[in-house]
Every structure is written in structure tokens, then in C-alpha cells.
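Can you keep this structure in mind? I'll have questions shortly.
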Amino acid sequence: MAGSVFGDILKISTWGESHGPVLGVVVDGLPAGIVVDEEYINTQMNRRKPGQTKYATPRPESDNVEILSGVFEGKTTGAPISMMIKNTSQRSGDYSEIASYYRPGHADKSFDEKYGFRDYRGGGRSSGRETAARVAAGALAGLFLKELGIEVTAYTKQIGTYACKTEGVPSFDEIEASPLRMPDKEASDAAEEFLTELMEKGDSAGGIIECIATGVPVGLGDPVFSKLDALLAGAVFSIGAVKGVEIGDGFDVAAATGSFNNDAFLPGGKKATNHSGGILGGISDGSDIILRAAIKPTPSISKDQMTVDTSDAPKRVSIKGRHDPVIVPRAVVVVESMVNLVLADRVLVGTGSKLGDIVKIWKK
Amino acid sequence: MAGSVFGDILKISTWGESHGPVLGVVVDGLPAGIVVDEEYINTQMNRRKPGQTKYATPRPESDNVEILSGVFEGKTTGAPISMMIKNTSQRSGDYSEIASYYRPGHADKSFDEKYGFRDYRGGGRSSGRETAARVAAGALAGLFLKELGIEVTAYTKQIGTYACKTEGVPSFDEIEASPLRMPDKEASDAAEEFLTELMEKGDSAGGIIECIATGVPVGLGDPVFSKLDALLAGAVFSIGAVKGVEIGDGFDVAAATGSFNNDAFLPGGKKATNHSGGILGGISDGSDIILRAAIKPTPSISKDQMTVDTSDAPKRVSIKGRHDPVIVPRAVVVVESMVNLVLADRVLVGTGSKLGDIVKIWKK
Amino acid sequence: MAGSVFGDILKISTWGESHGPVLGVVVDGLPAGIVVDEEYINTQMNRRKPGQTKYATPRPESDNVEILSGVFEGKTTGAPISMMIKNTSQRSGDYSEIASYYRPGHADKSFDEKYGFRDYRGGGRSSGRETAARVAAGALAGLFLKELGIEVTAYTKQIGTYACKTEGVPSFDEIEASPLRMPDKEASDAAEEFLTELMEKGDSAGGIIECIATGVPVGLGDPVFSKLDALLAGAVFSIGAVKGVEIGDGFDVAAATGSFNNDAFLPGGKKATNHSGGILGGISDGSDIILRAAIKPTPSISKDQMTVDTSDAPKRVSIKGRHDPVIVPRAVVVVESMVNLVLADRVLVGTGSKLGDIVKIWKK
Amino acid sequence: MAGSVFGDILKISTWGESHGPVLGVVVDGLPAGIVVDEEYINTQMNRRKPGQTKYATPRPESDNVEILSGVFEGKTTGAPISMMIKNTSQRSGDYSEIASYYRPGHADKSFDEKYGFRDYRGGGRSSGRETAARVAAGALAGLFLKELGIEVTAYTKQIGTYACKTEGVPSFDEIEASPLRMPDKEASDAAEEFLTELMEKGDSAGGIIECIATGVPVGLGDPVFSKLDALLAGAVFSIGAVKGVEIGDGFDVAAATGSFNNDAFLPGGKKATNHSGGILGGISDGSDIILRAAIKPTPSISKDQMTVDTSDAPKRVSIKGRHDPVIVPRAVVVVESMVNLVLADRVLVGTGSKLGDIVKIWKK
């Protein structure tokens, strides 16, 4: 089960299960000298943690991050930064029922077939709980990006069919004012009503997250397989419930013409429009980077569903326990985190693109 | 300009520019013993090459692949396979005009700022010509997958607003019957008409490609950063004009409910539906894998556009030369190729997932 | 400061400083189903820990490993295994003196120049303490290798000029019977006497470790950059004090002739001799793998030395504190661990070398 | 047969067999703007090519490098540089005899067992011919290093028991004056006599290569698994016939004391001695980097040897054909090349080590 390490120079290794005692992440490759603002890290953790609103599982995790290495006198030393988050509320309960069948919309069955073995106490590594580690790592990457003037902001663009009408980049306060992280009161209220209805039926909703990166310099990403959009798409798609990612005008380009879709360059390094979403030919073009991700409805629902048990016999199930009726508002910060990680890694990979810069840094 | 190497165990390195004498790819990591069907490779190459129809640039490339290493007596030896494709029709013409300004929708400006240097004779590594090398490599991966019973099929789902109505997996012949690779005559005819109009105006169109993989065993992909969907999305997004990728129901999941979106497991290893698009928790679930990619309209158009020249002064331009009014039909085989490469790499990475299998292969 | 992640499929990420509260390692990519024998892990940890004899720093670390993830009901699940070791005895003392100058034989000065910043409380990531994490990870890899019949044994071959005369692979008990892990009483006694003299002078000694892997199947390693010997050499050279690595006859091949150095193949899969040290053309040949590493004398000595302070002024220093007069006996298990990790990774990478094996595992 | 790709940011992919029509290498990740001095590349190629003296196989290869991509107007563009070398003299002869048995000292047997398949026309990927591709790539890396003031020089230190007595770094002319690349006439003459005797007996010799890098700035390499010495050792050990690598005092440290082995730091950034060989704690310390590699005697000898045939029956063989009685003089430039590649990659990886440098390069 390889695949828990991410990044080229900035490498993160996440570990831990939803039902183990603790989970964490090791962040290797950050440069020395970054001021580690623990308050910012915990703010990000709190935005992901369960129990913030009635639209999130009430499982009460405090999700404080403990930093175990790599920081000295408040700054990164360049050494790997190990961070740990306790699972304060994992239950030692009876999982024998869950162990006996395969939950629809989950990877239980694939796990059993692939590894011949499954930790049936939760989603294991496929659990959304794993993303807590990504948020901790992403916050560190975010602190690095801030030193360069890059800021990444995500918010709930849509839940069900209720979509925000926003212009530009919504502020942190506008986003956090809504329990659904929808910075448009009308849409947020309508979505709340929709969710309340679904919860009564034991059902769940999906949605769309939009993420905007500002202050991005020209030159992140490389032209072929390390295109910035390819790396962002892969990174965001590695978040459990994501079923689609688009950049700039995204799927709308199918019906557009070239004369509409091309962004005219203006003197002074600007573009007249930003259909490209800030990336051309795989390289950041200096405009805002705009990305959207489609998030599927939470698969764990209490409504009756058909499935099979581990002996392949049909079985009617209703998933009990603490589950989010919609995962989108909590996933907002996970998208931010993955975008932070990709941008920070590309900064590091791209630092030596020009011979002149390299000579300046190294020549004795 | 790192980033021309792709894959974990099956690694490909592409090289070459659109206006150089030749381009190619080195494929490392394929197992020994695969029968190398050169006819299949050339069929795939021909599906990508220019000049097939009036909807493609008439630049007449023969695009035959020359295999230089790694094959002995018709089979792979396990050694790297180097393949080369000649650029028979690059022109030695006058590029001084193109060198003097930045084409809208292209990475010219980002290149100049990032590398301080640009090969202005074409799109360089961002050129679509680079994908010829991917098709050669993808064909080899496809031959490997066929030995396992896996088949990957892509086709044009939509051009402009004209979309195919298809059920199941269209056959090779149905796809190739249409000059646009749209296996629905009505949609194909309407799209042809639409394209003809655009060509008269010097404009271009976008579209959507759908790709379906059948015969995929349970167990490809790993749960965290190497989720199969994440790797597929990243790989397909690394194709130049792609602006969005979705798996299964994709962006439609935003408006769906959990009870609708979950696929019920049926006895015998089947699912009642396939909203998941064949992947759950990042691991193939045994159903068909279904992926769609949004392709932007070709940015090189003869219609007038505004841009800046290299001295940052505004300039009105009209891109001359041989350009596709729509890239979608030729990109179909590129999507197939990237999907082949990801699936083949996951097969190799995942072969040692179970201790029992490993013991069987290695124990003295 | 990238570089704390090791391995291709079996990836380990070590973290932690000698003077932080804790250190650890995340092991990603082990197959599911390996029985995790914690007693074996702790035995290995104890062989590395300080304070075992008078020839080791008396710093009293208990070095028990806490397993935080990836193990369920006593077996690996395939998920990353996070392991943590507390630094029970780091001192909160006064480092201002050490901070003010550069210790000879250490990387203090390079750290300051490279990162512009140094955690002066110890050797930081260059400290031998980091290797505790490698031993924990290496023990897991060793448990995996045992399932395949592969055993790795290292011992002290030489200290100063006192070398063991051994035949074949010494037993665990023979090795552990000597406080210096020299399975030859005469050599061990002489080396003890030599060390006692050095300790009186505040000086230190170097030595040679030999490592033998038995039960290795034919076929580990690949012919070019992933030659098994290249990977073993790189891995063992990544242990702090190593200044040389050789395989088989090593540096003696310089004076040998081909007719002497070639090992004749015998019927039944054996060789008449093993000058190759079990590796031919980068691939294991089925004989025992034999590797030796030269370990430099501990640089921290109390004897007077010249150096410069951080203002580049000359300074006479004598390193106080708890230091090993010879690191070789404790490094024995670190060499074993790195060899375990390389062999285990090669098993995983090589599992899909033959098409037939792959088809058997995957074909639906 | 993964493993033909090398490097972290500067990645090279070599391909081709000794008996195929052509071989080559793709070099990805070099910065833009390096002047490509083809004369230097061909000089390096000529130093490796066969037939230079009577101590090398007379196989007459011209070994000119053809550059197929990545260079525009004489400079690197940042795009992958593909280089090709023709095998002008491969014979289409009868290999049926070689196919029928396993040559001692070669990987033939391991190949057959590992891949179930062997290209018996030569050593395949294990052939020394593969190193021609490394020399081409290493020459490019060398051109990059020269821009930073780093020079890498290797020479034959020893053949048989005949060792050079040299002080400091021998000049190019001193090295090339000897047919054995031994810059000490007395040793060179004695070694020639020794070789002549061996050749008469159909036997072969080994030796030692020393490699010195000057002008290396402080700060290449990182403290844990990417220690500069670890990467150099792994890289040099990946050259076919290498059986040992040492840095600085190497295996002599075993018998040294700490007070002797430690290098005192002097004001002005110098050290009083250089026992460390230019690397402390895995990071370059600003002194010359000194490395030695032990090279085994050529295994292909005409003297009678015992082996088995492919049916496991004993067989007496005498290897005919064109073989070097000693590979050391030709391997000198291969060692230089691998050292160049490692140093260049470390420059690129380390360019973003300090936050301040990164901010200067990227902040808008």
C-alpha cells in the first residue's frame, strides 16, 4: 500500500487510521527560516475538524497539532517537521457488524480483495480523517507561500443545486460567516434548508468547492508531465470524495470558441480576461489560479441501501454512527491545503530554472 | 525544466520539439516477454497524426515509430524501449515574427519569464507535437494491458454543444467511422457543420473526450496520494489543452444525493449502477472505469486578437500557419495513451500488495 | 533539507533531532499480512541504544518503539506504520558554548553556511541519534524478509588494526557475546585493550563492519542505476560515519586477475567461489551477499583540537559530554537495518519482472 | 527492469544494448542557458571509446554524439536533451554459442532467471557499452558545473599492485600522456609491463580510480539519505565493474584515531587537512571532494574457465571476441561522468535551501 508520500522536493508522509490512537504527518524539504505560526495551523485544523456545526459529524475531536521536530526557536530548521494529532474520540466499540459486510460507496470490498486483509474499524486509510494530516502539512506550506506573497482561498461554491454568486476572492470572514462556508447568504440559507430536509430522510448532499490562489508569480510548473494544472488536479483528486476537477473555465471550454476562450495579453503583465485560470501551457501566467472540485455526497447514510456481506450474500443496510450530511464545508480547507502543497513544491522545484540565479547562489 | 519523466515503475521520458528534426520517448520498466505488435503501435500513431481529415492541420507527418532498443525477437526484453518519430515537415522558415510577440492562449510569455530564453520556432515542449511520443509509449502500455484483458477506449463525446448519445462502449469501427471520432452520426454531422462555420470565421472549437477502461481487475491504485482517480486525473490533465477531468458521474455529483450516488453491491462481484466510474476510495472496484476530459478550443486562430509584443507594447495579431480548428478528435488517442500508462504502472506497483503473492514469486 | 525519505516502493521517512523530545519514522509500502514481532524490533533497538557497555556513551535511553499505526490484530495492514521513540534523556542544559564554535569532524559549519541557521543543541539531523529510527524501520523490513527466508547479519569485523578471523556467518550469540560485537575472542580482547588506552587519552577509534545476507533469491536489483550493489552502497554510505563500502572482494579486486576473480558456476545453482559477494551485473546471483563498511573514529573527543568559532577566529576546544570512544559496535545493527530496507524494497520493485507472474496475479 | 532513470531534478534515462543499432540518453532538468560545447562532449566520448590503445578492445566505434533536442542557438533551452550514439560495429554474427551457456563473472544466469528471457547478443543492459550514454550526459552536467567553477578530474590510481604517486590534482595532459591514464610514468610503465604479461596468458587486471572535484561550494548534499557521499557512492557503484567506493581516507579510517582523522578548521574557510574528503555530515565542506573506486578485472577472458550451460551441465569455456584486458583507463571518464551528474543534481536540489534566496527569486 505505497502511496502515502506526496511531493517532489517538499515531501509529506501521512500516517494513521481513523480509529487508531493518533495520526500525523512528516513534512520534509521546507527551507530553513520560516516562522511557524502555530495559531494559523490550529485555525486551519479547526476549520476541518468535526462538530463545528449541525451539518458536520458531532464526533468531538480537538485536533490540536503537536509539533515534534524541525522547529527551533519558532522557525523551521530545514529538518523534517513531524506533526501529530490525537484521535480523542475513537470508540473501542463493536465493529463486528461493519466487518461482516461492504458499505456502498466505500472501498471496503476493494480493500479485502486487494490486500486480503482489512482494518474494519473505520475507513482505514481511505477515511476522511486522514485529511487532518494534510491540513497540518498544508498549513506549513501556506506559511511558506505567505512569505512569497501567495495566498490560497477556498470556499463552498455550491451545495446541491444552490450556488454562490460571488465576484472576486471572498474574504476569510465572508466565508466563515456561513456554517456551510458559502460566502453568499441567500445561497447559504437555501442550502441549509435543503440539507435539513435531507438529514430528516437520512440522506446526504454533494457540492462544489472553488479555490483561488492570488499573488502567484509567473513560472510555476513545467511544460510536460509536471504541468502546474496536472499536479493541482492530481493533488485535489487525491482527496477522498472528489469526482471532478477543473481549472479556469473548466468544462465550459467544450462549448466555447478559441476567440472567446483566449485571454488577450495587456501591457504591464496583465491579461484582459482569465479564462485560462492562471495557467497556460502548464506554467502559471501571473493571473489568479482558479480551480473547482466536485465533491460527492457522503456515502455513509442511514437510509436503507442494498449491498453484499463478506460471504457475497445480499444484505440490506443502514449505516449508523456519526456522519456528515455534507462533507463540502469541511473539505474546503483540505482543498486549500493540497493547493498550498503543490504550489510550495513547485516553487522549490522551479527555483533553479535560470542559470543566472543558480550561479548567483552557488558560485564561490 | 524538469518534468518530462512520468511514472513510478513504468517510467517514460519524452523528448523533442515540434520544430526539431525528430522526437521520441524512452519507456523503462515494462516486464520482459510482451509481444510487440508494431502494427497496433502504428495504428495508434496514425489516429493522432495530422492531416487525417479537413478538421486537422494538413501538416503531412508520416509519424512512423522506429524502435531502437529493448525488443528482441519480437518481444520486450525488460530493457528500456527507445522509440523515435521523425518530424518530416518542420519548416526552416522565418520565425522572426512569432519570436517578436506572445501568442494568446500559449505559454510563450511564461517561457520567456521563467527560463529567460525561448525556442520560438514553435510551442517547444508545450506543443501538441510532444504527444506523439506519449502515443507511442501508451501503445506499448496498451499491449501489456491486453495481456491482462484490460482494454481502454476513448472517443469524442462532445464538440461545441453537440454531444453523442451512446450506450456502453462504442466499438473501434463505430468511432473511426466519424471524421470527428464521434460514434453517433447525427451528432457528428451537426458538429461537422458547426466546425465548417467556425473555420470560415478563422475560429476554433473545444469539446469533451470520454474514455472507458474495461476488464480492469479490482485493486489498482492505493488509498491516499496514489489513488487511481488522482493519478488518472493528473495524467490526463498533463495533456496540453485539458481544462477539466471527471470520473464517473463527475460534476453531476454536486447535485446528487448519497442514496442516488451510492452504487449497491450485487452478489457475484457486480454493482447495480456505476456512478463511481469504477473507482472507490482510490482503488478500482471491478466495474468499468469512466473518465471525461474537457478540451479547450485550439488557441492558434487566424481571427484577429490583441496581445503584446516582447517589448510589452500592444499588438494586433492573426496566427497564420497550419492549425487544427478542433483538437479533440486527434486528442482521443492521447487520452487513451495516458490512461494506458497509468493503468500499466499501477499494475506493476500493485503486484506485490499481498504477502502471499510475494512469497510465491520469491521464496527459494 | 530534502532527503529524509528513502526507498522506491518501501519508503521510509525519518524525523526528529537528537535533542528534541522524540524521534521516529513512517514506513510506507510494506505489504499487508506480515506478523509484527515487537520483541524482535525491541531487540534490534537495544543493540543500537547507548549505554550497553563501557565502550558506548552512557546516555541512558530506553529506546522502546511505540507503534502508532498500520498494525491491526498483530499484522501489518498495508497502511503506513508510524513508529516513535522518546528521547528520555535530552538535557535542557546550556548549549551556548557549542553554539559559538564549529566542532571538527562535524557538519556544524556546513549547516550554518547552507541553511543560514543551525539547531546547535546537538548534531541535528546529522546526529547518530537519527539512526534509531532507521533501526525501527529496518526491523520491520527484516520481519518481511524472514517470511521469504532472507536473513541479514552484521558484526564488527575490525576495530583499529584488530580484525576478526571468522569463517562463514557468525551466529547471533557469537556476535553478542563480545561487548564490541566481534565474534572472535582474541581479536575482541585485543581491541578492548586498545580502546581502553584510547579512552584514557580522550581519543577514539574506527573500524570495519561486515554484513552478510543469506537466503537471497536470484534476481534482486536491476542492471543499470538500480544495481543491487549500487543501492546497498548508497544506503550504507548514508549512515553518518561511513567512509567506504565494498562488496565481495571489494578493494582487493584491484590486485586480482580475472581468472582468479571470476566465480565458476556449478551445476545446481551454486558457484565454486563467491568473490562477487553475491551480486553480478547488479543482480543478486543466489550466493550470500557480502558487504563491508569502513567507519571513521568518533569525531567528538575530549582531547584538545583546533577549530574556529562562529566569528572565524581560531579556538582550542575539547568536546565534553557523553560520547562513544568507538561507534562501530552500535553501528552494526544500523548497517543490518539499511541492508534490510534495500533488500525489501528490491523484492517489492522486482515482483513484477516476469509477465507470467503478473498475469497470474491480476488476470480476472 | 526498472532502473534506467537516474537523478532527482536532473534526471537521465539511458537506453540501448551493446548489440543494437544505436544507444542513447535523455537528459531532463538542466537549466536553460548553458552553452553546449560539443567539442568537450566528444573529447569525453573519445576518452571512453574502445580502440584507443592496445590495452582496450579494438572494436572500432566512432562514438560521436548526435544531439537531437533541447539545444537552440548553441544553448540549452531547459527542454530534455536527447543524445544518440551509433553502434557502428555491432556484428550480426552467430551468438548461438554464447546463448547456450553462462559466462562466469557476468549476469547472464541472473538475467535468465529473473526475466525468463535474455538478449544473448551481448551483455544487454549490463554491458559496459551502456556507459557511453552516461558519458554523454555527464559531459553536459560537467558543462553546467564549469559555469559554477566546479571541475571534476579522475585518473587511474592503480592497476594490479602498481599505484601512482601523485600530489594534488593531476592535469588533463598529465593523465592523457599515459595510455593507462596513470599520471606517474614509473607506475604507468610498470603497469603496462604487467598487462602485457596478462594478455599473453589470456587474463585480465583490475585497478583503482581516483576522482577529485575542485571548486565545490559548501552546502551540496543533505544530512540524512541524500548525503552527498551516499549519492556519490551509489552513483559510482552503479558502474558495472565497481566493487568498492571510498571517500577521503576511506578504509584507512578503520585504523585511525579521532584526533588524527578530524580536520581542524582554519580561519578563512579552510581546513588544516582533508581526511574527510570534502564532505562532513553528508554536506560538502568546501574542500576538494576525493573519491576512489575499485574496479574488478574484466570478466571476459580467453583463459579456460568452468561454468554451466543453460541445461545446468558443466562446461569448459574460453570467451572469444574483443575484450579489454583492463577496463580501468576507459572507466576513468565514466567515474567523472557519474560524479558530474550527482554534483549537478545536488546543485539543483539545494538551490532553494535558504528562504532568503527563494524570496529573492520568486517574490513578485
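Should a chain be cited, it is by its letter among A, B, C and D, assigned in written order, with residues numbered from 1 in that chain.
One rule holds for everything that comes next: contacts are C-beta pairs under 8 Å (C-beta built on N, C-alpha and C of every residue); 3 or more make two chains touch, one makes a residue touch a chain.
The structure displayed is predicted, hence computed values, not measured ones.
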Greatest separation from subunit D - chain, by CA centre: A
More contacts between chains, A-D or A-C: A-C
Geometric centre distance via CA averages, subunit C-subunit A, whole Å: 37
Subunit C and subunit D: spacing of chain centres that average the CA atoms, whole Å: 26
Subunit A and subunit D: spacing of chain centres that average the CA atoms, whole Å: 44
Subunit C, residues touching no fewer than two other chains: 1-5, 8-9, 14, 31-33, 78-79, 115-116, 124-125, 219, 223, 286, 349, 353-356
Complex contact set, residues of subunit B against subunit C: 8-9, 31-34, 78-79, 144, 147-149, 215, 217, 219, 223, 286, 347-349, 351-359, 361-364
Complex interface listing, subunit D residues touching subunit C: 1-6, 8, 14, 102, 104-107, 109-111, 113-116, 123-126, 130, 158-161, 198, 201, 203-208, 218-219, 221-227, 229-231, 233-235, 237-238, 240, 242-269, 272, 276-277, 280-286, 294-301, 303, 305-308, 312-314, 349-350, 353-354, 356
Residue numbers on subunit D that touch subunit B, as the complex places them: 1-5, 9-11, 13-17, 20-24, 26, 28-33, 68-70, 72, 75, 77-82, 115-119, 121, 124-125
